[in-house]
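Below is a structure I'd like to ask you about.
For reference, chains read A, B, C and D in written order, and residue numbers begin at 1 within each chain.
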Amino acid sequence: MKNLTSNISRPKYDYIDSSVLDKLESYDHQLSKAERIPDQDPYSINGQKLRLNFIRSTLNLDMDFISGEKVFNNNESLKGNIENYIGMSQIPTGIVGPLVLNGSAAQGAFYIPLATTEGALLASYNRGAKACRECGPITVITLQEGVQRTPTFKFKNLIEAGKFSSWVMDHTETFSALTRESSNYAILNDVNVNIEGNISILRLEYTSGDASGQNMVTICSDRICQFILENCPIKPVFWTIEGNFSGDKKISPLNTRVRGKKVTAEIVLKEEIIKSVLKTTPALLYEQWRICVSGAKKAGVVGSGMHPSNGLAALFIACGQDVACTGEASVAVTRMEIIENNDIYFAITMSNMIVGTVGGGTSFPTQKECLELLGCYGAGKSGKLAEIAIALCLTGELSIFAAMSSGQFTAAHQKLGR
Amino acid sequence: MKNLTSNISRPKYDYIDSSVLDKLESYDHQLSKAERIPDQDPYSINGQKLRLNFIRSTLNLDMDFISGEKVFNNNESLKGNIENYIGMSQIPTGIVGPLVLNGSAAQGAFYIPLATTEGALLASYNRGAKACRECGPITVITLQEGVQRTPTFKFKNLIEAGKFSSWVMDHTETFSALTRESSNYAILNDVNVNIEGNISILRLEYTSGDASGQNMVTICSDRICQFILENCPIKPVFWTIEGNFSGDKKISPLNTRVRGKKVTAEIVLKEEIIKSVLKTTPALLYEQWRICVSGAKKAGVVGSGMHPSNGLAALFIACGQDVACTGEASVAVTRMEIIENNDIYFAITMSNMIVGTVGGGTSFPTQKECLELLGCYGAGKSGKLAEIAIALCLTGELSIFAAMSSGQFTAAHQKLGR
Amino acid sequence: MKNLTSNISRPKYDYIDSSVLDKLESYDHQLSKAERIPDQDPYSINGQKLRLNFIRSTLNLDMDFISGEKVFNNNESLKGNIENYIGMSQIPTGIVGPLVLNGSAAQGAFYIPLATTEGALLASYNRGAKACRECGPITVITLQEGVQRTPTFKFKNLIEAGKFSSWVMDHTETFSALTRESSNYAILNDVNVNIEGNISILRLEYTSGDASGQNMVTICSDRICQFILENCPIKPVFWTIEGNFSGDKKISPLNTRVRGKKVTAEIVLKEEIIKSVLKTTPALLYEQWRICVSGAKKAGVVGSGMHPSNGLAALFIACGQDVACTGEASVAVTRMEIIENNDIYFAITMSNMIVGTVGGGTSFPTQKECLELLGCYGAGKSGKLAEIAIALCLTGELSIFAAMSSGQFTAAHQKLGR
Amino acid sequence: MKNLTSNISRPKYDYIDSSVLDKLESYDHQLSKAERIPDQDPYSINGQKLRLNFIRSTLNLDMDFISGEKVFNNNESLKGNIENYIGMSQIPTGIVGPLVLNGSAAQGAFYIPLATTEGALLASYNRGAKACRECGPITVITLQEGVQRTPTFKFKNLIEAGKFSSWVMDHTETFSALTRESSNYAILNDVNVNIEGNISILRLEYTSGDASGQNMVTICSDRICQFILENCPIKPVFWTIEGNFSGDKKISPLNTRVRGKKVTAEIVLKEEIIKSVLKTTPALLYEQWRICVSGAKKAGVVGSGMHPSNGLAALFIACGQDVACTGEASVAVTRMEIIENNDIYFAITMSNMIVGTVGGGTSFPTQKECLELLGCYGAGKSGKLAEIAIALCLTGELSIFAAMSSGQFTAAHQKLGR
């Protein structure tokens, strides 16, 4: 067996470079001072203008498409994104923040666009963002990256499957070379084999630059499979580019090691802010979290979050992400503890944060505007987007736990929902 | 213990009324003859007009908002759906079909609006719809309905939790009455209790009319909890409206009995159509499905679908559904068999199809247009929407299995994707 | 649909009769004063005699087979339990306790026989039992009972499956009657139907008296299926007595509602005992538990126990239980909290405690001796055995959490293991 | 990061050495001709003698302990295996076979001892063994090996956890050296890190020679942890030798990559044998399997076997294995297909076959006799035992699927069970 070491962009376990840790430690919270987004007049024309003016003056962005001042008319740009086109669905979009992060890729204050029709959603995330902002930045680290395809080959019998698998593992360097030929961005990061009787499943793991990568890894994997079919002396009786072992657009009960980016985030919440902003107490907040984790476990729910999918779906729609990945991306491990001074430690970890800042739907007018609002449009920004996304989920989890712990949840939905 | 029989709208197991079965059996396939949506010029202005004209002439709908001819300006209508509003995100939307159903709620031919930026998605679903249409209608049945809240109470000890639980089960008729007072639509369909040490989790299950129901059942459950807190002699040391045991916006490895609507669908695909439309053979198609179910099982994936979330996310965005529910809704059990005449039997079952045709985002301009396109806007239509949604997933699963079985998958994404 | 109410022995949710709660509340801890089993000379002939003498004098039991003084020679008694018999495997067996319970079925002090070859296992459970004994009885409640068979029928299509299911649900009273004819002990407690495409799975749930019940429910279900096949006008194309939906001898990620008996247990551990007996502190103990529950969740492990299977396997071997059920029975939800006075609240809940005190291997010589040691031989004792079993697991979990929290775990295994 | 390549005994993916494949291909079925174990008089003294004589004459083993002719009296040998000893539990034991294997470690004909009190169990496995024997050997391959410990460290914050993790991954060669010093058998095969907020979980994976290895890897991991605690500049606020992330004695919904040994087995069953021995047809057998896999999936059951735990528990009791591991070991993926000539292809794969042939309970008298019966006593035999174990499970699955497919299941249990 040859190894892929020379081509590996990242280790296949949680790893943080020391330069990243230095960067995080030298973060100066003063630099992220930022004004709160105006939240009066939640939906009126006046309130809308207030917020648009704030964005325009503070961030120097125009937001002319999302505001409705410009209308989409560039049908040619739709190529590769849709067929049987009839027009544009329009989703109400608001903004929360700033969310203040000290992240390995995202440092500073961010205003987050969210597209949704669920009343109280933005108000809740905005409250969580405020509580976090007043307690210091949310620390975020990207731990792993990888997108998988799992081509599957079936043979006459187990012995043939075994021979095939050995041949494959002797050619991983060729697969790396084929990957480089097939894509400017994809890097083949790992190859392994899973045998079950006469079936051999390859698990090809790539990094995909700043694209979410599902199409890119399909193309590279197909190239590798064609090479195998032509050159391997052991011929399959059946093969497929994907044997449904990659977890693409589905949820595995085990948080898989990584799909897209694995990110983790934490914050320490001061008792006074828990009381003044979140209107609860550390004891109630902790009890709520504890009961909800226990409930999820008893119900067999995957992950221990309450509603990360609410924030993620809204962010994904606004930012041109693949919304069909919301389910897998929103699997979250949350953890809360009461620590010294009656403060609360709160952490959230998400292994399947599959986002992109190039390709997909990122270049359409409103999507581009929303990504620019985050400073996340284009090459080199996908890590930043992933870290903002998990921080957003942290604030949403915090806010719902707080609301439920003190009985405000129903009232908020009666007031803001329908 | 009193029982809720008098109030129960549905049994708590899969049940099909004989009148429904009669309706399904007397279906006349001729009645659903319908023209295929024009699919030339996938995204150009010309193609867009062609499809809009088709809809306008065939279905007598204007689609002026989705087409961009009218612009949203009714900010007041946003009340209860969003805060911190800045404008509208715009998502490219196309149409596939007709999808022909013989369903317990949806009978006939339907054109399906899908909002997405993933190239090849509509083309793939459209091909699946064609194959199904040429083989007869997709049979669909709604088997169960229910939306849950799981208020959770914690006590000094297990004995107190036991006493509390007994008291609760003696008051279920009162809970039914409180539900009727709190909502015109919600019906309390089941109450049960799960004890774990000193914690007692109530599982309140409702039907919610034609709303997706999450807010409605929160309000009713809060009313019930307030009654319990005031009247039950055993007092909790902590309680919460939701103990994360309901599966709301999350995925359980076990397809829960039902969340929203449980629907099942089937079709028999003729060998000739498999060859001519799907460009594969029954043997290859079956092998692909078999390997993909096996792969999902080995990977611990919940459900045995390939990508129901692709179609559902696109339908949910277009139709004003709660997109954060895409993950739970897209859990699917698929099953394929080769039967007599070398035909293929294909079935799909989805237990968590949580959709609504009133409330939520259903009344916004483009969302209303898309629901009207389906004949699913307003009261009495949620069952129909659920059945269309699963039929859509069936066509998408069929098309991707076919593409992968014959090696077309990568080529299609190279041609239509980016 | 007719209902089974008249025949139901138990509700299908967690339920505790008020008389049981009265009994638990009036428990007098003084009544369970009992001497600790002599634990010196762990394995020598002298130590063995010491313990046998203790049992003989204290409990008036002879234990002549387990001690080796009598040898099995009653081959005729093997009928119905084994084929191709060659002799007896011999498993080293020890005893721990007393374990003091205030249970709905088991009240008092119990000495527990455990058959194992894993060093340190008995020492660890014995230490846990001591800590619990010194803090008061372990409270235990049986919450539900039920054993399932899931006969499965396949039809030409979904409509036939629907008709069949309706017919079945109209005949549940007949099924109850057939059950009474087929068994003196089995009671049919619930019938429901799960449809997936053209397949209809019946879920027949019984109580099985004091037998573990798997054979009993097979026989009753077969009788019901034969009735259905003869009388139902809709004929299946295939049927089977078991469609692998019952969870028999397997593990479901969701703690199923119940299989066998669902039991829950709790105890409050005083800080001083945690320090003096368990050699740790409440803070360390809680931290250990918290990390282990979190680790299990991250690993996708079913349940949140550490090693309930250790104690259960040893108890099941000694007491003639179906050892193949150890996996399903040992799924446990554990929960620990620091409460007032720096005490620890600890609870454990097990939904699949499938045990029997009649039938199976319960009447063989050493098995009968071990059951008699527990006062659990014969009719009317299965609830007691289930409650003792969960209390045993509680002590084992407590002891391992304590050992790991203070770094004693490795040392104990170096000293007592091999 | 240094790598462990120089010390790695096996790759961390499914791998089969070419010499193993050569050995399997050159297998001569004639060499495994063996007489069937006499199965008349299932339990009488006469039948017992017949079988003992067969073993004694054919295999030249005395079996004096299991037969009851010799009585255990070597209490000193109990050291390290039990505390609070009172005597020996006796479990009825029979024998099935021969089971004919062409395995990477086990080639030839094997008679299998099974200790159980479940009537019909041996008869069923024996029938499966006969059907397999008449169709050719069962092919078996060991694909991976590994036993894990997952020490867990908690820090002040995420940045500290990150620094710690980097330090750890820089010292893996030292960990390898410490492992070699701590054990003559353990080899550290992999180290990785999982970070979640301020928690860092190490996953140390070892091979453990021919011991099942749980104690061995605890001791080595403790040594490594002590080194880390003394030398790493970043100090944890809490640590534990095991964070419940290893899957030890529990079940994960995802078949973990490996725990113990990962083995896979296959056989092609001829139609005539299916009819004559298994009393069913290929079509019925396949339909039964298909429905049972589908049922398991719907029920959320881990794995797709019916009852591997039946055979494994009986084998583990007889052979001195850790019976508490039955749950994890019995997770199985099964797969059946109808192939050319109406034959059946049947495969089974088990990832967690954790067995040992040294240490644990392997040296007690009856256990040693049973291991010798298999040619599996002592060093160098654990792979052989693992392969025999999975082949046993294959025969049991085959027999139960056959019995259920043709309606014999209930009758067999009525006749042979109680």
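Going forward, a residue touches a chain if its C-beta (ideal position, glycine included) is under 8 Å from a C-beta of that chain, and two chains touch if they have at least 3 such contacts.
Computed from a predicted structure; not experimentally measured.
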Selected interface, A-D versus A-C, where C-beta contact pairs are more numerous: A-D
Distance from the mean Cα position of subunit C to that of subunit A, given in whole angstrom: 42
Computed distance of Cα centres, subunit D from subunit A, in Å: 39
Junction residues of subunit C - those touching two or more other chains: 194, 196, 199, 252-254, 293-294, 298-300, 304, 333, 335
Chain contact graph, described as a line, ring, star, complete graph or other shape: complete
Subunit A to subunit D touching residues, read off their complex: 1, 3, 5, 11-18, 20-21, 24-25, 139, 141, 143, 157-159, 162-163, 165-166, 169, 192-200, 252-254, 264-266, 300, 333, 335, 345, 347-349
Subunit B partner contacts - residues on subunit D that touch it in the complex: 252-255, 290, 293-294, 297-300, 304, 333, 335, 337
